[in-house]
Every structure is written in C-alpha cells, then in structure tokens.
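Shared between the two complexes below is subunit A, which pairs with subunit B and subunit C, respectively.
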Partner chain A sequence: MSANSFNRRAFLKAGAAGVAASALPLNFAKAQTPVVLGAVYVGPRDDFGWNQAHAVSMEILKSLPNVSVIEEENVPETDAVSQSMESMINLDGANLILATSFGYYNPFVVDLAKKYPDVQFRHAAPLWNEASDPANAGSYFPYLNQAHYVNGVAAGLSSSGKIGFVAAKPIPSVLSNINSVLLGAKSVNPDATVQVIFTGEWSLPVREAEATNALVDAGAEVITCHVDSPKVVIETAEGRGVKTCGHNASQAPLAPTGFITGAEYKWETIYAGYASALAAGEPLPNFMIGGYNNDMLRNTAYGAGATTEAIAAADAAIAAMVAGEPIYKGMLKDNQGNVVVDKDYDNYDPYLDGMNWLLEGVQGSIT
Partner chain B sequence: MNEGALVTVLIAMLGGAIRVSTPFMFVALGECLTEKSGRINLGLEGNLVLGAMVAYGVSYLSGNPWLGVLAAGSSGLILGAMHGYICKLPKVNDIAVGIAMMSFGTGIAFFFGKPYIQPTAPRLDSIPLGDWTGNSALAQALQVNPLFFVGIALALAMSWAFANTKWGLIVRMTGDSAASARAMGVSVDLVRFLATSAGGFLAGIGGAFLSLYYPGSWNEGLSSGQGLMAVALVIFARWDPIRCIWAALLFGAAGAIGPALQSVGITSGYYFFNAAPYILTLFIMIASARSKAAARDVPGELSITK
Partner chain C sequence: MAVDTAPTPAPVKLSGRPSVRTLKLAEAIFIPVFALVISALVFSVFLLFLGQSPIDFFSLIWIGGFGSSFSWQQSLQRAAPLILAGLAFAIPARIGLTMIGAEGALVLGGFGAAAIAIPLVTYAVPPLLTLPLMALTAMAVGGVWIGITGWLKHYRGVNETIASLLLSYIAIAIMNFFVEGLLRDPASANKPSTLPIGEAYRIGAMPGTSVHWGLAAGIVLAIVLHILMTRTTFGFAARMTGGNARASQAQGLPVGYLVVTCCVVAGACAGLAGFFEVAAIHGQANASLVAGYGFTGILISFLARHNALAVVPVAILFGAIAAAGGLIQRRMGMPDATVLVLQGIIFVVLLTSESLYGRIKFFQPGPVGERT
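This part shows the complex of A and B:
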C-alpha cells in the first residue's frame, strides 16, 4: 500500500525544495558535480617519502563532501601508467588525474590528455608547456627548498653547524635543497658547512646507509637527505646518535631522540583547490608553483633534537618566507669560486630553476 | 689524498666489507651448494627479498628478531623446494624456472609486505669488537653482526664437507656427472632437490640480514639486485665456498669506496667510483677465467656448460 500511496505533505516538501534550489545561483547546482580524483604513485604509498606525502594529502581530501579518490601505487613510468590512468577514467569516472611521478608526463600524460579532452590531467613537476601541451593538462610544483632552508636554520642552531646531506642525483631541485640547507644554517651560524654525498640513484637503501655512515664518520652532527624514501637514512643516523632533518613526509616517528624538523609538502592545498574548482565548474589553473607564501609547504613538528632557540629562529624564518623574503641573496659564490648569485633573486626566479652549482660552504661536487 | 683521508677510506672499506658482505655471502653460499649439485637457481633474488620481508614481519609481530631469521630461512626453503621440485619434472629448464621464481618471490614479498613498511621491528644486535681501539670510526666499522661469523663458519664447514664427507662427495658427483651418480645408486633428483632447498634457506637468511640489521628496514627497493649479483659472485668465486667469502668481502669493501671517497673530499667522479665493485668484478673475471683451472672448477652438469 505504501508504495502507491501518495503523500501530499512529502510532495509539497520536495516541490518547495526544488523551487528553492532553482532560485539559488547556478553554481550551487554545479556544486553537485561529483569530483573523482585519480592519483597514480610510482612507489608504495607508505614509503615515508614522496609517495606518502601525496597519499597523506589524498586521505585528507577523502573527508571532503562530494569528493571521491581512487589511488594506484607502484605504477612504473612506462605504458603501465597509461593503462592505469585510462582505467581510472573509463571504469571509475575520474575527472581529474593526478600523475605524481616525473617520468609520467611525456608521452603518457600528454597523449592521454589529447585522447580525453573532457578529463583534466595535472602532473607534479613543472613540465607543462603552454605552446605545445594540451589545455586540459597542467603542472603543479611547490618549491621544497624553502622548507629545507628552515631545516638548515634549525639544524644550524641545534648543532655546531656540521651538516651531512645524502643526495640522490645532482639535478637542480636537489642542488637547490642542498644550497638552501646551507644558506639557512649560515643565516644563524656563519661557520656552518654542508657535506654532500651523492648516491647516484633515487632508491638504493644499502648505499644510502653507507653514505650516512660515511658522513657521520666524517664528523657530521646533523644528517638530512633528498632521496625517494628517507627511512633508511633517518634510521641509520638515529642509530649512530646524530640529529636528523626530514624530507618529503614526516619521519619524526623514526628518530625519537634526534629528530629536529623536516621539509614537507602540503599537497592538500593544491588538491583541495582543484577539487573545489572542479565542483564549481570553474577552470583549473594549468601551472601552479608555490611555497610558504601560498601555503604549499610545511615543516614537520619539531622533535626532541631541536633546541629552543632553533625553534624560535625556524619559526621566524618561516614567517619571513610567508612574507616573500628571498633565500638567494647576492653576492654568493659557488664552491669553485665563481660568483653565481649576483643579486637578490625571488624564490621563484627562473634563473634558480637551472641551478647547476653548489655554494661555497658545501663540500661536494655535482659530477 | 693525505694520510688521514686514506685511513678514513680504508676504515670505511673495512666497515663496508663487514656490513654489506653478509647478504652476498649467504646467497652466494646457497647458490654454490645448488650449483655444486648441478643445478642453477637464478631465483635467489626472490628468496632474498621474501626473506627480508618475512624476517621483518615476524620480528615485528613476535618481538624476537632471531625468530624472524628462522622464518626467513624457512620461506627461502619453501621457494628453493619449489624450484627443486619443478626442475625435477621432465624437460624443464632450470634457468627459466629461476627467473620465474625470482618474480614470484619478489611479488609475494611486495604483496604481503605492505603492512610492514611503516612499523619499526626489533632488529638484530651486533657485537662491538672495536671498542678497545678508542677510535669511533673504527669501533663503528667493527660492530659485527653474529650472522657474519655464521656465514664464515658455514663456508669453512661447506668447504671441508665437500672435500671430506660422503655427502659432499655425493653432491659433487651429482653436479659433475649425473650418469656416475646414477650408477652409484644415488637419486640425482633427490640430491638436487635437497641442495636447492638448502640453498634457498641460506638465501632467505641473507634477506633477514638486510631487513633486520643493515640497512635494517623493510621496503620494496631494499635488495636492489643484490641477490642477482651474489649469484654472479659464485661464478667469480669458481664454485669454492671459501672464495665466495672473499668475493663477498671484496664486493662489500668496493661498494664502500664511492661514499667514503666523497666523505673525505674526493667528490668528482662518484658515478665511476660507485661502479667500482662491478668494474673490479669484471677485471678479476677476465683475469681468472682465462686460466685452465677455471674451466676445471665448473660443475660439469650445469645447464650453461653442458
């Protein structure tokens, strides 16, 4: 009986709601567009590094209304990523693909963006080119070196200033992190030095452990790194009784006694921005870069290794960068004696993107 | 390079030899045993990775790292037994099965290893043998894990057993001439099955060292091909357990050159120095493989030499 009964009160309620809804501005109705985010990771989601940083942000996005998230991990930078992205589009209805690894972009993201013009693609490295790449693709990339600068400030005041850096490859973003650690440390401790060891690969746990041991043997008091998964570096350094600064995601639980702070991405700022623009039917920005000044970075909560004055100085450094204070201020020489920074450069100056030098005070070489 | 820097590099190489060599040692000894019986198991990389995962997981769940070592060995034993059984079937190529077992081992390790990437498991302790030196770098280099000594003792035992026991003779005979073994009434398949299983067990223990001691955590990039290199070391060591130990030590020491040189300020050319272990291996192979003795050492039944 109930199925056929006509409830006049319910009918009136529904009708009134419909009238009310139609009276609202258009984008209220569009706000009901479901946002389906498809994220592809190159490694495991819980690697204490790059992939974990993305996955942590995606967890936050899952709690937003009207947003659903599909994730796939361990997707190699081959044809496999095309298949993953296509199945997210065709089977799960993804309307925004987040390709989080450098090698996904060309040709995989570019080709799929041409094939699916109604789907948005965003890639986590500054590779999108307005002239040649599809308009439904784009790039986003925070400048993590600003948070490494904060690491340097905190490390410089939590030790006598001998910092060891385990780095993967000498590419500009890695070099900038090394140089920023040095500049941060020097800003509070003029005698500070950074010694760098390149492992040559993004993930080689045994050599990362060897490099950490070699740096500690050479007298480093703080160890930090730029490798895919800093877990081994941080644990080895903690085992050797030295202090540590993190990279990419929070490694605080790995070093209960020596952890100072860490450079972390705040991907959720970018992802939530994309999601709300999609829901509102607005165009997504094609090219997004940022840092502390637009809430795309954070430093890990200070650990037991940070001294009180280090915390105060690091907080002050963050406040200065939020206000747009530059990191690279002339004159600065590289460790070969050439002047490489002749004036103050804005933190996003294209000149710095082509960095191929290590500053004076860094012991190491890029070849 | 001044004298202090040279000492630093030498200490780092000593430390590297002790820290890095143990997994190579166990996998190489396991492979040595298997190949002595006339079969090649290329799948030991899978045993190593699975052993690392199982050791970490069991240590985390039980709180006892040595239980983890045992479990890692058992997981390797099962993989080795699978290889041994499959290769017993007619017209099966042991190299192809080995490659399949490598993918299988790493695959299940990744699949079941997911929940153990994040937690921190209790690890194996080391024996501080260098505290008397008063030199912190040397003391650190001489932090030795008991498994290192187990590996050396095992190599001595294997070397002795191959030469002096009936079991050793049977394994060597099976490897050199299956026909003679059959004529002696020995079951060739059974000997090879047992040798492959035991070899798998050792490789699993090598994996436990990786995840529970050095570098001491479980993640999917942990091995980065060490199991494959160790299999190659057996050829380099010409099927002699004692030489397997030397090869593993040399490989560990050479691997420490790259980071150590950078730490003393020799910073350019690190790609070249990081390649040092492989270049060294290549040269020693060229030098040693030319001799007639090298050809004599190869077990006659190996499918690559037959």
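This part shows the complex of A and C:
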C-alpha cells in the first residue's frame, strides 16, 4: 500500500490508530517519517523469557500507523548480528534498529552506528557512553531487580520464607536480582532465606531442571530464577508442587496452581516512545533507564499461589518504589561478613551496577 | 569415508571422447548441482504444505545471498570462517579420520590469540608484529589440540570422533575458565571477556569491500592444501593411508607421522579461523567465539566430498543461505528454523547422491559405442 493512498482500509487503520494513540502517551497526528523498526533477538521469540518479552512489545508497536516492524530471531552475538542489522538497513530500509541482546553492543552496534550515521540504534543494556560512543546509538534498560524485590515480598508472605533461586551467571545484574528477592522477602518475613544455584550459562535447560529439583529437595517452598528462558524452571517447580515467581515475561500459564507473580519488563513504554519521537522528527533519547517509577516494569498478574496478604504487601511495595523508596538500605553485610551496603543507595546508584556480592541470608557463592 | 577422484590416471584420449579427467570433473560438478535441484524441489513441497510460495522463498535466497554486491559481501563474510572450518574437517577426512572437534580448536585458537595479545598490546608492540604472532599462536594452539586427538588415535587407539568431540567441550571450558577468571577484563562486568586488543590492532576489511581478510586466508589455504593433498608425495601417502592404513604401513609409509601431521594442519586451519574471529570481529575472546562454525564445517566438508578446493564454493553457498535466512525471516515471517530445514534436506540429498558416482554412463570413460 502506498503511503499516500486513501481508502477505506487506511481510514479504518487510522481510526484504530487514534484509539491506540489515545491509550498510549503518543501523538501520531503529526507523524511524517515512516518508521521502519528492525528488531534483533538472540533467541526464539516464543521462549517464555527475555526474547518473548521484547517480541510481545513489538506486537503492540505493529498496530501503530506509520510504523512497520521487521524482526529476526536466533541471531548470535557474532558478526552475524552486524550482518543482520546491515541487511535490515540496506535491504529493508530500517531507520531504527533495536538490538536486544547484551553482547550485541560492542563492537557490533557501535561499529555499525559509525558506518550508518542516519540510522538510529538502541541497545537493551545500560552501556552507551556519551563520551566515546556515536550519538545515533543509545541504551535503554529497566532495572528488573525492582520487580524481583516485589517477587520477594509476595514470596515471603506466600510461604514460610524458604526461597530457591536458579541463576545463570554470577554477574552484577543477576546478583542484584538475587539480593533484591532476599531483601523483599526479609522486609515482610525477617526469617526469609534465598538459596541460589548458578548453572553457568544463560540457557542450559537440563541443568536448570536439575538445579530446580535440588533446591526443592533442599526445602525451598518458592522457586524463582534468572535465566534466559524460565520455562523449564517454572514447569519443573510446578510439577514438584512448589510455588513459583516468574522472570522476564509472563510464565503464569505454565504454573496454574503455584504461580505467585513475576518480574516483567514493560518494553513497550520505551518502544512506543521511540517510535513516536522518530515519526515526529524529534531526536530519540540516548539513554533511558527506569523501573516502576517511570512505568518500565510490571509484575505479572497474581496467580493462584499468592495469598491475600502477599498481594496487598506486594502492591504496597510497588507503590513505595514508584515514590522512590530505595531497596538497598544500609547497613547490610554480604554472606562473608563484610559490610557492602553502608548507607541507603538510590535504586539507580552506579555503585550497585558493580555488585559482586551476595547478601547475608543468601546461601550460595559467586566463585 | 569417501575417497574420491584421487589418483587420477594420465588422461586417456579415446576417439571423440573427452579425457577421463574432464569426465570426472563434469561428473563431480553435475551430481552436486543435480542434488541441489532435487533438494530445492523437496523443500518446495515442504513450503507448499506451510502455505508459502517457493518462488518467493528462492527469490529471497537469491536477493539475500547473491542479488547485489552488498549481498555478495554478506555471503563472503559469513563464508570466511566456514572455509577454514571446512578445511579442518576435510584434511583429516582424507586420511580416514572423522575429526569433529574443529569447534574446540577454533575457540581455543581464538582464545590463544587474544591471550598472547594482552602483553603485546600492553607493551605497544607494533600491530605488524603482533598480528602475525597472534595468528601463529592461534594456529599452534589449534594444531596441538587436534594433533593430540590424532596422536591418541594412532598411538593409543582412541576413537578420534569421540575424543575430538569431547576435547572440544574441554577447550570451551578452558576458555571460559580463563575468560571468567584470571584473564577477565575487569570492565567486562556483565559479559566476561579478555582485555580488548583495541582498534589499532584490529584487522580491517579487504580494500573495496566490507569482508575481512579471513576470506582471502581461507581461499589461499584451500588452494595450498588442495595442491598438498593431490600433487605431492605427502598427499598421495596420506590419501593412501586413508584408503587402507594397514596396507600403507606394510608398504613402509610413516602412517603415524602422516596422521598427526594432517591433524595438526587441520587444527591450524581451525585455530586460524579463531584468530580472525578475535582480530577481525570481536577484538577480544569471550563466549561469543562458540558460534558453531566448527560444526557447520563438518557439513561443508561432506558436501565438498572432502576436496579442499570444493570447500570454498560450498562454504560460500552456506554463507549465502545464512545471509538470506534473515531476509526470509523478515519478509516471509517464517521462523529461523526454516533455513535449517533447507540445510538438512540438502545434506541428506547430497549424501544420497554419492551413490550416483560411477553409475551415470555418460560420465564413464569407454568406447563411444558403449554410450546409451
């Protein structure tokens, strides 16, 4: 369909867009430049995890006028991603690239942004550096540990407080989620503990199932995780009859009896903002981070595993974080006995980005 | 293990018939092309079942793989590591070994290159000296890695297929151990990596293209190894060993030396691929080196019938299919696995077509009267 043709179908689409636009904080009335948005995913789009969370948000963008979305899945973090992005630009006319995996950024996104200064690149991790990186590149990233804190609150009141955590790698973003689950659970249940098992890889389904079983055998009453695709963990835990909290996307359908709630990204807030800015000819923000306070996170609708008091406490925790309540409040010791949090840290404090400790109350080791 | 065209007899001219060599070449080109056409037909049926248009599909393969100079460069760039990985399987295959561990040699070679670069870059040794040292290290590490398997096979009777596969997992574990520990760049918090080698030490693209030098290295090595395997005493002895190791030993050939050397050469090819991944693509070693090139190389070598020269066009074909795979996902909304299905069909049909060699009368030397 040509951009200028006016027919019944286009009219209906515009009408539908008006409805959509009123629902989202957008103004597409002035839309001029058609946006061709190219999204690259590292895994399958239906992985019940990281990639699905992105893909679901893209679906919302596809309904907007003047925005066409092209997608590619299973693109590894090698020069295959440069090639995919370059192919989107040259063969499909993409003018906004969303690179959604951590390892895409350096050198691939950075190099390509230098090569194609007219194309906007945004990457889903807080890596963009104003001093050294191209101005047409940028980063966006919600701090999911806030939602894991909510998981912890709900889990702490839906069980006796013994939580098992299946984690991929001992890197800061994962450690922060583990510590936040503990702090959330402790805020409502001082006896709460978190036992963690690292699998060593982002996607190792067999080891994830083994870790889940081991945690349940060790007495965990709630299982949560930080792996690329939580499907195996949630299903295994449900099969063992324990409760679960999700990660990345909604896993509620996988655990009809034990699901409490889950930590979910709300990528569409960011994506819709990008699309509207680009269509209106406005510059895109280079660096966007956020959490509950700017509508970049949500928790999955409460499942059958959540108790009434857990729901109330979790909702209260979200309201507190919207108001800026910090998660890491001093003094806190790590599980080696060292003081690692000596004062209250804002939820976006750079100190927390370098986290390399597990708090007292977490059973597990990062080495 | 297919031992093919090998010791070609001196061209025999029969009245009105092309030489034996020409006929063999024609056969070796006709049968794979025929197999590709059959694969395309089988895959078209699969597409029709899915309600997709085969014409759209194959025109997208063309556009994405070969349709423009941009597409060509994409195909060639993707082919670069695949050529070297294909050679890493093809050379041991000629001596009768099924060596499937090129992935490990590639990863460890790349890691070796990145590791040796750390002191060299720190002391600002010029790139012209550093890069060859990195390449040599990568080749040596890869060579030793596959060489071990060859040694175990010949001197200890360890099955080389299983040993090379398991060693490849060990290689990846070694890389992860160092990258996540001793040699980790502290700045690489969320994706453990070695210290970046820096822009000045990166291998750029070949002039006038966006394709890195790994492609040229692969093509040159393919030619050199083809000559080695078909035009030298070493190659003849190696192929003879591949045909029958016992008989070769009885003839007094140094079978152990031949086996280990072929394995070292294969490992060096894989290691060199790892070097280019580090020096031309990533600029550091990390888990992204484990991209499966070593395993795709097995497929490529089989399709090339373990002929070093034929590895090049087959690798380019696979590069093109991979490059077009993205376009197919985007334009036809088909899942990534579609291209894998096509690759699988090609593999099965091509292996089946092996049975056609020597059976098509047209390509057989003989008096004209015997033609049907």
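Everything below uses one rule, namely that the second predicted complex is superposed on the first by the 337 of 367 C-alpha atoms of A that agree within 3 Å, B and C clash if a C-alpha of one lies under 4 Å from a C-alpha of the other, contacts with A are read in each partner's own complex, and residues count from 1 in each chain.
The rule is short, and it goes like this: a contact is a pair of C-beta atoms (placed from the backbone, for glycine too) under 8 Å apart; a residue touches a chain by one contact, two chains touch by 3 or more.
On a predicted model such as this, the values are computed, not experimentally measured, just so you know.
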Could you tell me if A:P44 is touching subunit B, subunit C, both of them or neither one (first, second, both, neither)? both
Looking at A:N74, would you say it contacts subunit B, subunit C, both, or neither? Reply first, second, both or neither. both
So, A:F102: does it touch subunit B (first), subunit C (second), both, or neither? second
In the superposed model, does subunit B or subunit C contact more residues of subunit A? B
Quick one: is A:R240 in contact with subunit B, with subunit C, with both, or with neither? Answer first, second, both or neither. first
Report for A:S180: first if it touches subunit B alone, second if subunit C alone, otherwise both or neither. neither
Note: overlapping subunit A surface for subunit B and subunit C spans 44, 74, 200
Can you check the complex and tell me which residues of subunit C touch subunit A? 63-64, 70-71, 74, 77-78, 176, 189-192, 277, 281-283, 286-288, 291-292, 322-323, 326-327, 329-331, 335-336
Taking the touch rule as given, give the residues of subunit A at its contact with subunit B in the complex, in rising order. 43-44, 46-48, 74, 195-201, 203-211, 213-218, 228-229, 231-232, 235-236, 239-240, 253-254, 363-365, 367
In the complex with subunit A, residue positions of subunit B that touch it: 8, 11-12, 15-16, 19-20, 110, 114, 117-118, 120, 136-137, 140, 210, 214-217, 219-222, 224, 226, 255-256, 258-260, 262-265, 267-271, 274
Which of the residues in subunit A end up touching subunit C in this complex? 38, 44, 70-80, 83-84, 86-88, 90-92, 102-103, 107, 125, 169, 171-173, 200, 353-354
